[in-house]
């Protein structure tokens, strides 16, 4: 089994908040992938959590915590002009 | 499927705390949208979580974490006169 | 439906920690209100969570996170003489 | 009903970490008290959560978050000689 | 009942990260002890949570939050040579 | 029973974000190990949580909190060129 790369580009720095948000989602998913390497099991579980209100909310909590770290790492993109 | 924009205006900076709070709610909802793209499923789930005490509380926890990031990004709106 | 004001006085700054704590509770409740606008439903849910140990604990977790943001915003009221 | 005082002495500052920890527990309990003012109901719920592993763990999570705020407020008691 | 000492040595400062981690676990356990003083009940509950996946995960969440406070208190042991 | 080493190399400092992420996972697992020392029980529980959507999400929340501490400890690897 190829070890899972947990952080794409091995960096928390992104050009914009939107990319930082995408990174937070990706990082959260990669933890699920590294904990459950079987793609088929994950696909089945996707069907479960994507239609379960509490699980969708819980995913949001994980992304919120990951994003708080990424946002701090990028100094909240203060130097980025929207 | 059009990719979901995760952060409106691609910025965490808002004019006031109230707008920051609205952004926190919006960002939390957009994670649910990007995880469950089917609007009909989401509408059904809305009926579930909007009348379930524990789920409403859990949504509040997500918004609280998102807001803590947005508040820090805006330096707690110290430069804003209420 | 009148949009819900999410942060009274549109400011995180309070005169004292006690007021900051009250604001944290108020902000948490306003997220429940904006997610479930129906006052009657909320009143029914109040009866549910106010007598459910796990839900009461979960409310405490939300308030604790909201308060950590408000306390940081007020620099922990270091300039306030109790 | 007398409004509940949410933060004893209206201050997050304590002489030592131990007092800070006691304040965190007290603040967590006062949120339960202000959400469920009926002492008898609370006493019944105490019997529930004090013998439920998951609820005891959840209480610990709340205290941990409250304590992180109090510890930051006291600059981690760096100026206190144990 | 002897009041429970909540923070051994009444200090968050430890010589190394490993000791900081042990302190985080100890502090989490002492909250359970002070909430449920009966050693026999706690021993029974230990048997419950030590073989319940979700409870073990929840304990990990508490320790992670306690540790984040202790790590910040020790400036992440930057002055400690491993 | 040999006491469990909770933090490999007794340091939160890592060369890269990817290593920091691996450390976060490792630290989370070591808390489960120190709470449940029996390897066979843990292996059985692994089969449970690795195929349970909510538990996989909860593990992600723990890793996210651990990682936020490690990232802060490493100053978000600002001095590391990807």
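General remarks:
Which chain is which? They are A, B, C, D, E and F, in the order written, and residues in each are numbered from 1.
The rule is short, and it goes like this: a contact is a pair of C-beta atoms (placed from the backbone, for glycine too) under 8 Å apart; a residue touches a chain by one contact, two chains touch by 3 or more.
Bear in mind that the values here come from a model prediction, so they are computed numbers and not experimental data.
When the partners of chain A are compared with those of chain D, no chain appears in both lists. In this assembly, C is the chain whose CA centroid lies farthest from the centroid of chain F.
Two copies of one chain, chain E and chain F, form a contact in which under half of the residue numbers belong to both partners. Between the Cα centres of chain C and chain D there is a gap of 16 Å. Centroids of chain D and chain F (each the mean of its C-alpha atoms) stand 28 Å apart. Each of the following residues of chain E touches two or more other chains: 49, 54, 58-59, 61, 65, 68, 72. Judged by the touch criterion defined above, the protein chains form a single closed ring in which each chain touches exactly two others. On the chain A side of its complex with chain F, the touching residues are 5-7, 9-13, 27-28, 31-32, 34-36, 41, 45, 48-49, 52, 54-55, 58-59, 61-62, 65-66, 68-69, 72-73.
Of all residues in chain D, those touching chain E in their complex are 16-18, 21-22, 25, 49-51, 53-54, 56-61, 63-65, 67-68, 71-72, 76-78, 80, 82.
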